[in-house]
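You will see chain A twice below: alongside chain B first, and alongside chain C after that.
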Partner chain A sequence: MKLKNTLIKILVPILSVICSFLVGAIMITFIGGNPADAYKFLFRGAFGSTANIGETIVKSVPLIFTGLAATFAYKCGVFNLGAEGQFTMGAVTSIWISTVVTGITGIPLLILSLTGGIIAGGIWGAIPGILKITRGLNEIIVSIMLNYVAVLFMGYLYSSPLREGSVPQTAAVAVKLGRIMNGTRVHAGIIIALIIAVGIYYFLFFTAGGFKLRAVGLNQTAARFNGYSVKKFILLSFIISGAIAGLGGSVELHGTQFRLMSGFGAGYGFDGVAIALIGQLNPIGTVLVAYLFAVLRAGATTMQVGSGMPTSVVDIIQALIIVFAVAGSAFTNLPKTRQFLSNMLSKQNRKEKEEWKQC
Partner chain B sequence: MKEFLRMENMSKKFGEVYANREINLSIMEGEVHTLLGENGAGKSTLMNILTGLYQPTGGSIYLHGKKVKIDSPSKAVKLGIGMVHQHFMLVEALTVFENIILGITKDKSIFIKKDAIKNEILELADRYGLDIEIDKAITEISVGAQQRVEILKALYRGAELLILDEPTAALTDIEVEGLFKIIRKLTAENKSVIFISHKMREVLEISDRITILRTGQTIKTLTKDKTEEAELANLMIGKELVSSEYKKVMKTKENILSLEQVSFNKTSKHNGISEISLNVGKGEILGIAGVDGNGQSQLAQIVTGVIAPDSGNVILNTNKIAKFAPIDFINSNVSHIPEDRNKMGLIGNMSVRENLILKSLNKKRISAGKGLYLKRKAIALYAKEMKEKYDIRCASIDMELRNLSGGNQQKIVLARELEEEPKLLVAVHPTRGLDIGATKYVHDKMIDSRDKGCGILLISADFDEVLKLSDRIAVMFEGQVVGVYSGENPPINEISLAMSGKAK
Partner chain C sequence: MEAVLNVTFFQELLLSTIRMATPILIVALAELYSERAGQVNIGLDGIMAFGALVGFLTSYITGSPYLGILAGAVGGLLINMVYAFCTITLGAEQIVYGMAINIFAPALASFIYKIYFGISSTLAQATLMKVMPIPFLSKIPVLGPVLFNHTIIVYLTYLLVPFTYLFFTKTKPGLNYRAVGEYPKAAESLGINVVRQKYIASMICGALAGIGGAYLTTCYISTYSDGVVSGRGFIALSAVIFGRWMPGGVLLAALLFGFTDALQLRFQVMSSATPYQLLAMIPYLSTLFVLAFLGIKKAGPKANGKPYFREER
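And now, the complex of A and B:
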């Protein structure tokens, strides 16, 4: 039974990706291109050289963070659609620390800056959480609104008080995350991201706290009757979710962008939600799907240059994956499909029936 | 008498389980036909098929001898099948009139011809003796009146067959008499009634024929005159009713739980309690009898810390409770079998194993390092032990809980709540939806706990259960305790009167 469910959970994303590429191919044919050609350039762009492979990893880092942020909140049954704002506030805080803190440099400054990002993201995430548990406000609306506040605040900073030179952007950060792969831009951020992913996985499935958090996410009333503080867990999940996104913003700043400018972090929050859903709300799945999204992005430009297909084709494929994955998950939950699938896995089924008889 | 409706070989499968298996039922014109069966016997499923909510897996329905397919609730209404659900489907903020015409488009005009329709409704009401106040809001009228509105609603939609699902559960004796008068008027006009009830006395009073369902199958259809209570009960249960007698104990001096003048949401008769004073002794079962929805839920939630009373004192084991939180009660060894196990007790999407340890996560045998590490092996071992000990039937302890039957789910609640050797057990409808075997098992376990010194507050809508287990019986009516009686040779008539609000 458990194996079967796991199998379905793995199959759905894989099939959605395959379907999306097939539909993408049909579309490419219709606009007069050659799908094989286009996909060849797409994958060459993502994996063609060491530099390309590195670039794909670099692109995956912020997506992993926002994806994990969404996963964590979802596991507690709440929706954090404010990862973009938390991501931005994390980066903003890091820039601010970099500007005002003097006297320390190097690793200590980096640690201080990343911690600042975590705290800022956590605070930004706590706002919808607090409003939800004290006033019952809808967290979806509050967290989306806070995205605008954060992005506009960042805009104010890079165009006025923290502006450097004639272009609306801030100065570069004083300390950068170390590169870890020769000939590429891959930075230590990917290691931080993977540690966080494994940490969340451990927390959710191997600790009492994670157990309770999942219980709250699955049935609040039962959790309350069994003595869990539902409100505490909801607030906690918001803070941690925000902190993960905030750290992501900070890492992206120190590892890739170095300065704030228009468009920093745009879209990462919502992509994170999609990634979490396709990754079946599993931290490890989230990492894999984030990487897949990065592959598509890294390859898009090469595809446009090589085959003449616009990069928006990749955007469409990405959107199709989301549609297929969500539809697939809903589909597998239908009783008829479940029946069909269990017949498909009849060997498994027989074994189960025998077990049934035994008890 | 002509046949109005016939169901032949009706089957309904949910997954692998048959809820209905080749059921045959025929309803005559102008008869009251009772469906009798334990919870889970398949009555509701059958009625849901008849009203178009479910599609059957197999079988056919004949109306006046012609085969029909009821593929939607509106089709059922069109065919003259009306249902009055146990929980009324009325819009509380609207008036009686508005509720009755809700969703009906009899003529094409965009305006509602209020006066004409009102007269039509009042005429109909008059004909069947349905006494209603047409312009009052639903919230202002009594439960009995709400039921009359539901019946009128169905009749106004042209019902020839009226399904009444446990219509007497929430009614007082006088209201039941009124309802029966209405039913007799309906059948006199050649309308048919399907009556669903557990109360033998009522069934024998009102029915013409009785069909007994058990485990989703039709067992027998009997004519009222040719049967009696004991036969019905035995057919329903499937074996000779062995009433296991439990020894009653005298109340001990020491109280584990005392309530002093406790009130919550006092003005509500059905969702509040008003100045309740009660004691539960150590090693004693105090049973709360009463029609469902007279404040029992609120009482249970107060003594488990889920809700806080507005006034009064709750004293648990000589400590006056100041702060009401479930965790504090759990830590003082209060166990709770909640009224709705799926909503309040268990987490359907978690495994059997996980549900068993919901309350003991921070115990040393379950986790280490203040919960930072869950001992998987120890948990699996514990879960397997519980599976054996409480006879939980499941393919594996990793199975998702929602795939288990109600009885096995309840055993999980029981295993979790009783294994910790509680000092106080609050058990609400502990056997609701369970078959006879599981019920006996639950009862035995509760008596066991009592004999170990656990005080038990038993709240049940099943009067027989209360009579059987309780050492003392308190009756609740409209949020108040209207009487406390001895569990040894209880004065059943007096208690029944008290339950309908006529205590002396």
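And now, the complex of A and C:
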């Protein structure tokens, strides 16, 4: 039974991806394009050269962070739709530290800056958590309102007090994350992201705290009767989720963008939620799906140039994956489907038993 | 300051409040109809985006903003059928699926826009709906132009509030409708078709939210751009909570949020020296503060957000 569940959890996302590409192909044909051609350019854009492969990895880094942030919160049964705001506030704090702090440079400054990002993200994530446990407010609305506030605040910073030059953007950060692959822009951020992913995986599935956190996520009443402090776990999961997203913003700033400007971090929060859900709320699955999304994005421009299909085809494919994946998970959880699947399994068992008897 | 804070200022502020509250009100009512049947739909923002696109395109092609509104309703309804099928028939978690709609619908809208107008296009403009002053009433000094000089959509939206109130409290279908959101098992035992009622609720919700989106592009601004909705769906969602799931309360909440929106726009016009980003935060921050200080822990339909399986005991 356990094996079967795992199999379904792996099969559903894979089938969703295949279905989405098929529907995407139909749409491309419908608007007068050649799907095979478009997909060829898409994958060439993602894997065509060392630089392209590197670019795909670079694009996956922020998505891994926001995906993990969503996964972590959801494991405790709460929705953190505010990853975009936490991501932004992390980057904003890093820029601020980089502007204000003088006297230290190099690695210590980098560590200080990343820590600042973690703390800022954690604080921004704590707000919906605190309002949820003290006032019973819906965390979805609070975290989304905070997204808009954070993005507007960032806009204020890069167009007025921290603006550099005629274009609305900030100065570049003083210290950058090191490159780790020759001939590409891949930076040490990917290593940080993977360490965080493995760390979360270990925490959730191999520690007592992780077990309790998942218990709260599955059934709050049962968790309360077991003496777990539900409110503490909810708040904690919000803070950690926010901290992960904040670190993501900081890493993206130090590794890829170097300065804040319009559109920094836009959409990463919702994409993170999509990635977490498609990845079946498993940290490792999250990393894989984040990489898939990065492949789609890295290839989108090449596809637009090569085959004339607009990049929004890729957005549609991404959106379809989430639509199919969630519907697929729900379908496999339906009482009728469960019955059908277990019937099939028991029939097979019976058959095997009969065969065994005949021998 | 005296020159600014005169009668015209307040008149314009109120006029703008009513205009800005309209899309929030209609979408909040959409959510009210949905949640009264136990269907929490957080995909409102996405449905609005799709409604805005469909409404804009129809209005652009046909030249009639009225057809645009109609098309917005149909578009919203169709998109919400995806949500309805997956949450009602497949029993998917409503919040999760609402989120999926929030990602899917704007992507589809953006895709259709780019296909129709090409990758690099100049900003297309559609005609805006004309205001329809109500004879005599609009001639009342001060209040007349504020209350009775709007598009027909505004009047209909505000009329929907008393209608919804009467429907849910005084009519049998309305009470049956609410029973589905409160206790579907009991409703089913009384011969109410719960699944059908939930589908109907989702259809109403989709159509109204689609109209709310189309309002933005046919009555408010004459262009479509990604992000035109800018969180209004979520503000509407909080208007339902703040309005205690009752039409009157929802109206007050929508007016309050419309007022903050109108106020920040006035401020932007008045003091161009203040960075507009700080002013644009006002509606979002006030939503937060209002919810934090006046929100309530538990209210609303009892079976809200729970999937319903007829076979389950």
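We take it that the second predicted complex is superposed on the first by the 338 of 359 C-alpha atoms of A that agree within 3 Å, B and C clash if a C-alpha of one lies under 4 Å from a C-alpha of the other, contacts with A are read in each partner's own complex, and residues count from 1 in each chain.
The definition used in the following text is that a contact is a pair of C-beta atoms (placed from the backbone, for glycine too) under 8 Å apart; a residue touches a chain by one contact, two chains touch by 3 or more.
Since this is a predicted model, take the numbers as computed values, not measurements.
Peer 1: In the overlay, answer first, second, both or neither for which of chain B and chain C A:Met145 touches.
Peer 2: A:Met145 contacts chain C only, not chain B.
Peer 1: Check the residue A:Val313 against both partner chains and state whether it touches chain B (first), chain C (second), both, or neither.
Peer 2: In the superposition, A:Val313 contacts chain C only.
Peer 1: Just to be sure I read the superposition right, which of the two partners does A:Ser159 touch: chain B = first, chain C = second, or both, or neither?
Peer 2: A:Ser159 sits against chain C, while chain B stays out of touch.
Peer 1: Does chain A have more residues touched by chain B or by chain C?
Peer 2: The larger set of chain A residues in touch belongs to C.
Peer 1: With both complexes superposed on chain A, which partner does A:Val101 reach: first (chain B), second (chain C), both or neither?
Peer 2: A:Val101: touches no partner chain.
Peer 1: Have a look at where A:Leu137 lands relative to chain B and chain C in the superposition and call it first, second, both or neither.
Peer 2: A:Leu137 sits against chain C, while chain B stays out of touch.
Peer 1: Under the stated touch criterion, which partner chain does A:Ser329 make contact with: chain B (first), chain C (second), both, or neither?
Peer 2: A:Ser329 sits against chain C, while chain B stays out of touch.
Peer 1: Let me check the overlay on chain A: which residues of chain A are in contact with chain B and also with chain C?
Peer 2: After superposing on chain A, chain A residues 335 contact both chain B and chain C.
Peer 1: In their complex, what parts of chain A are in touch with chain B?
Peer 2: By the definition above, chain A touches chain B via 1-2, 5, 206-209, 211-212, 214-215, 218-219, 221-229, 335, 338-339, 352, 355-356, 359.
Peer 1: Considering the complex alone, what residue numbers of chain C touch chain A?
Peer 2: Residues 42, 82, 86-87, 90-93, 95-97, 99-100, 102-104, 107-108, 110-111, 114-115, 119, 230-231, 234-235, 237-238, 241, 275, 277-278, 280-281, 284-285, 287-288, 291-292, 295-298, 309, 311-312.
Peer 1: Write out the stretch or stretches of chain B touching chain A in their complex.
Peer 2: Chain B reaches chain A through residues 14-15, 304, 306, 325-327, 329-331, 336, 338, 343-351, 354, 358-359, 361-362, 366-367, 371-374, 376, 393-396, 398-400, 403.
Peer 1: Name, in rising order, each residue of chain A that touches chain C in their complex.
Peer 2: That would be residues 27, 31, 79, 81, 131, 135-138, 140-142, 144-149, 152-153, 155-156, 159-160, 270-271, 273-274, 277, 304, 310, 312-313, 315-316, 318-320, 322-323, 326-327, 329-331, 333-336 of chain A.
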